[in-house]
Structure formats: C-alpha cells, structure tokens
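Per-chain numbering from 1; labels A, B, C, D, E and F assigned in written order.
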Amino acid sequence: MLHMVNKSPFSNSALEEAARIASKGSPILLIEDGVYAARAGTSFAPKLADILKDHPVYVLTPDLKARAVDKLVEGVEQVDYSGFVDLVEKDKVHSWV
Amino acid sequence: MLHMVNKSPFSNSALEEAARIASKGSPILLIEDGVYAARAGTSFAPKLADILKDHPVYVLTPDLKARAVDKLVEGVEQVDYSGFVDLVEKDKVHSWV
Amino acid sequence: MKFAVQVLEAPYNNQASDTAYHFIKAALDKGHTIVRVFFYHNGVVNANNSAEPPNDDRNIYKRWTELGKEKGIDIVACIAASKRRGIKEGQIVEGTRISGLGQLADMTIEADRLITFG
Amino acid sequence: MKFAVQVLEAPYNNQASDTAYHFIKAALDKGHTIVRVFFYHNGVVNANNSAEPPNDDRNIYKRWTELGKEKGIDIVACIAASKRRGIKEGQIVEGTRISGLGQLADMTIEADRLITFG
Amino acid sequence: MMDEEMEVNENVKKVMFVMRKAPHGSIYSYEGLETVLITAAYEQDMTMVFVGDGVFALVKGQDTTDIGIKGFIKTYGALEHYDVEKIYVDRVSMEERGLTPDDFAIDVEVKEAEEIAALMEEQHATIPY
Amino acid sequence: MMDEEMEVNENVKKVMFVMRKAPHGSIYSYEGLETVLITAAYEQDMTMVFVGDGVFALVKGQDTTDIGIKGFIKTYGALEHYDVEKIYVDRVSMEERGLTPDDFAIDVEVKEAEEIAALMEEQHATIPY
C-alpha cells in the first residue's frame, strides 16, 4: 500500500503517524507541503533518513519545484504526475490528510 | 500578551511554537482542540508542566467538557466564555491558529 | 472596551465560528463593543445565505443575522476571498455585507483588541 | 484501471483541488478511467458556480466543467455537506451534480483505487 | 438461492475508515461517521480504525452543551446495529493520550501498528477522515 | 503643519503580521500577504515576522509553473515600495528548516525568540496567517 502525505512534518504529525503505522517496505509519497520532509539539512532530515531504511520515499517534482526544495535527503526518488499515477496503479493508496 | 492556541498538541506544532516565542510570564489560553494539551497523564503533559513554569495556562471549560477532559495537569486554571473575555480585556491577544 | 473579531474558517467545518459567537455574546453581556466581525479565507462561507444546516443542530448563519441585524454589529466578508469561494452580493446572510480588506485594516486600527478565530 | 477520487478541501484555500486535477489529467492521459469525483467536507465549495477567481490565476471551477462536461466524468458534491455550506441545486458548476453519500460508497466499491485529496 | 447468496458474498469488498481527527474542533470526525453509517447500507465488510487524535472521538462523557454543538458520541453506540463491528484503536495513539479502553464509550479492540498495517493491506479501499 | 504631522504620527498604530503557514499547500500565506499590502495603504507602523513553516514562503527560486498555481514570491520584493521594511525571521524556525538568510528572496533580519516576543508585546494588534 502506498502512503501519501501532504502536510509539512514541521507543523503536523501526519508523516510520523503514517511511517509508524505503514508496514515495512511499503512506499511513502510526499506531495504538496509534505515535500518539505525530503529537504536535506533540516532538523527533520535525520528522521526521513530513518524512514528511508524501511520505506521507499517518493516526492512529487512539481511540488518540489514550487517550493524551491532543491536539496533532497539521499535516497528520495522524484516522480511527476504521470509517475504518481503509476504508483497508484501499482498498489492501493491511503492518504494521511 | 495572551497567547491563544486551538490545535491539539499531538498533531500540530502551534502550542510548542507559541510557548517557545511567548515572553516569560505571559499567559497561554487553550481553546477548542487545544484543550487536549491540558489533560493529565498524556505524553504531552510533562511538556505542559514545563510550559507552566514560565506561563500561567488557562483552558476554556466549555471546550474541556465537550471533550470529556476531566483530569488536568496541576496548575492549569479554567475559564468560561466570560473569563475568556476578561483575559482578552486584560491584555492584547495573539492567536496561534 | 472595543473588540474586533476575525474568523478564518468555514462554519461547521471548524469550531472557529462557534467560539467567535460565544466570545462575542459574552463580550456584549459584559458591556463591551464589537467594532466589526471580519470573515477571511474560508471564513467567508459564514456569509453564504444558501445554506440549510440540519434542523437538529445550531444554525450558525442565523447567529450572524442575530448579531448583525438585531445587535447592530457590522459583519463583513472579504470581497476578494468571497470571489474565490463563490460568496456574492445578493446571496449573503441578512445582517452581513461584502467589502474590501480595508475593513480589516480599519477595524484593527480602531479596536482596542483584535481577536482571531481560525 | 478504474480510479475514484475524493476531494475534501475548498478550492484555492488548499491545494487539494489542484493536485486532484493534475492527477486526473495524468490518469486520463494514460488511459485510465475516472469512475467519479466526490466532494466532501469543505470540498463541496468546488461545486459553487458563483465564484469569480482572479483573472490572472487558474480557474478551478472551469476545470471541473472541463472534466465533467467535456470528458464526461461524473462529479458529485455531497448533499449533506453542501447544505451545511450553502451549495445548492441551481447554483452549481456546470458538469457537476449534487447527490448523497451513497455515491461515495458506490464509487469506493466500484473503483480499483480510491484516492483522497485533502 | 444459495448460489445467489454466494455471489453476493463474493462481491463484498473490504472498506476501512481511518479516523485521525479530534471531535468538535473540526467536522471531519463527525462527517466521517456519517459516511460510515451510509456505507453500512451497502453491506460491505467494514472496519473503523482510530489513530492519532482520532481516538479522542471515542472518549465517554463528552458534553457539548456549553459549546452549542450537536454531540455525536452516542452514535458510536449505534454502529453495532449497522453491523459495523470491527472497531479498532491504535495502542500507541491511545497510550500517548493517557487513555485506556475503559475511557471509551464503546467496546473497542486495541491493536498494534503492525496489526493495523496488515489490515490496511487487506482492504479494497481505505478512507481517511 | 508640524502640529498636524505630529498628530498623525501619534495616531499611527503598530500592527504585526505573524506568518506561520507554508506557501501553496494552503492559501493562508498568500491571502495574508494581500492583507499586508492593503493595510500598508493605511500608513501604520507595520512589521512582518515569519515563524515556523512561514519561513518557507520567503525561499527564493520557487517555480509554481507545474502545479499551475500563481506564484507570489516576487510580491515580497515589492514590500519595500509599500514602506513595509520591518521583515523578520525567527532564527530557530529558519535553522530547523536548514535555511540561511541567503536562501531568501528578500533581505530579512533574523531575530531571536526573545526579540520577537518583545516586538509582539509592543504592538497595538497582531494578525496571524
């Protein structure tokens, strides 16, 4: 199951809850304000590195560009809207809104 | 200045930001979902006890009752809507929405 | 004392409109003045007169009519925010009006206290 | 593959409507089917036909008309949520309709994937 | 007749409602519950799981009189009449909030994160409120 | 004339805008900025302070083309023409997000929490967005 998070990890607990519940190996997709979680060099970055040990992490490129998030935590993969659709086609999706 | 917080401290950073910025001695008022911060015995309760060292903390009683928050961290004071008005009359107010 | 009140969320969806109402009622009971109530962001939905809330729940829209018409409080929905969300002249709650952001600046300056519910 | 899409927030106020639109466009481009789009909570504001967004910005309401009328996608605003927020029959965006929560249950069962934007 | 029933059962889908919002401060919890009740009429295999602040919605003794909002804690008690019987609470969320099963207005089963994850994986669809 | 100016100055009120929301995910940041521009016409003593996720709004290089939303990063550059010159960023919020003043599209002054608190106390009103 794909777990989708659209809230900033600095102000909202959604990503931490999603990562705690999500079964090991299931992918996490960061969209909208959720992409800030993927920024390298932040106080959250070490937590994302931990999450990456158990989950592939994807970020939506259009949302990254909109927010000028140009340095990513190592291992994070980018997808565009087309790749987003492919992820949802591959597996069921839950939104941690 | 009175600092007002209406979000749950378990899912939102508003109270922690408010408490970090608020000048020592200035009161904090918890309303709506913010009243969960005042519940005794939670993982947040020790943080509220720390906040209480620097700030008087008030909670809005109607919101407590609506959420069945019946055990409060020691030192938290209750106000009703009338007491809420008095707090705002006493000092300027900032809402950490 | 003169209070100005800002509401930033839609009625029912968030408690902001309810808390604002109870605050205003308590302030009036204590003899304070409400300079203006200003709806911004999704708060402009508070001025939508097309709503039909369930009969067994409170009617938030009628509360604004009560405060605006009966108590004479100036209640304003921001025009720019209203246009984005489809609230328009001729379809607004009795006792409220639509006007510019200047009304927010104006009440902020005039009132002794600005209080925001969001 | 058959996708069902739920939108929980008001247009402009949150990015949910934008992301849903871009997702739907990309899904259609890849040959997928959109069983239905369902607006719930403040998401029902997406169906309000009285809006006049700024000319220099995207028009989210027209996007729903494009998808509903031109692409033939079934776009539904929940009636109970709409009544609370003043969205009603006769004042809704072309290409959308108002109906019950059963339409959400129905699309959830029918589609291979339910995706929620909120 | 037997065949028809079998066919109906085969068409039953698993649908999970993931409740993560506190009550009253926003309507998500309440409007989410309305969805559960309506979906129940479709006779699917339904599960509700309360995670994060969602667990607060189940706390007994809620009295919304003074905030003037219609309370809905009693509606959870009606869920069993709608054949919604799989009602789970995330253990960590419950404990972080200082709650025990005795604090809830209805009987719930407390689940570990791994169990909830496994249940999520089984679903035809999951709906967040 | 001097007297009149003095009187006008005495009527000037201090108003602070506290920006705490990230851009694009919600409109608070953008509609908040609109308020700042309108209020500027009232010739008050205005301050903007960016706290929490609000600091993200100032990051340079934002390109909203692909999300199809009107960007507004350039509008901050216009603030000085509206005589909005007191633009402050909370140091801790900035550092937690891995940002430095070089990352911002405009010149800002970085402030400690205590300085922001002292400024808040001086205001006639504070407006959160």
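By definition in this document, a contact is a pair of C-beta atoms (placed from the backbone, for glycine too) under 8 Å apart; a residue touches a chain by one contact, two chains touch by 3 or more.
Bear in mind that the values here come from a model prediction, so they are computed numbers and not experimental data.
Between subunit C and subunit F, the least number of touch steps comes to 1.
Considering the contact criterion stated above, the chains in touch with subunit A and with subunit D alike are E, F.
Under the touch definition stated at the top, subunit D and subunit E share these contacting partners: A, C. A centroid comparison over C-alpha atoms places E as the chain most distant from subunit F.
Comparing chain pairs D-F and B-F by the number of C-beta pairs in contact, the larger count belongs to B-F. Residues touching across the subunit C and subunit D pair largely coincide in numbering: over half of the numbers involved belong to both copies. The most distant chain from subunit B is D, comparing centres defined as mean Cα coordinates. In terms of their C-alpha centroids, the spacing between subunit C and subunit E amounts to 34 Å.
Averaging Cα coordinates per chain places subunit A and subunit E 26 Å apart. The geometric centre of subunit E is 42 Å away from that of subunit F, both derived from CA atoms. Mean C-alpha position of subunit B lies 38 Å from that of subunit D. For subunit D, residues that reach two or more other chains under the stated contact definition are 8, 12-13, 15, 19, 22, 41, 54, 80, 84, 113-114, 116, 118.
Looking at subunit E, one finds that residues 20, 24-27, 52, 67, 69, 124-126, 128 touch two or more other chains.
Within subunit A, the positions touching two or more other chains are listed as 6, 10-11, 13-14, 32-33, 62, 80, 92, 95, 97.
Arrangement of the chains shown, judged by which pairs touch: an irregular graph that fits none of the line, ring, star or complete shapes. Contact annotation for chain pairs lists A-B, A-D, A-E, A-F, B-C, B-E, B-F, C-D, C-E, C-F, D-E, D-F, with touch applied as defined. Contact residues of subunit A toward subunit E in the complex are 1, 13-14, 17, 20-23, 26, 92, 94-97. Listed in rising order, the residues of subunit F touching subunit D in the complex are 24-27, 67-70. Those residues of subunit C that touch subunit E in the complex are listed here as 12-15, 18-19, 21-22, 54, 56-58.
The touching residues of subunit D, counted against subunit E in their complex, run 4, 6, 8, 40-41, 80-81, 84, 100-102, 104-106, 108-109, 111, 113-114, 116, 118. Within the complex, the subunit E residues that touch subunit B are 20, 22-26, 52-53, 56, 59-67, 69, 71, 95-98.
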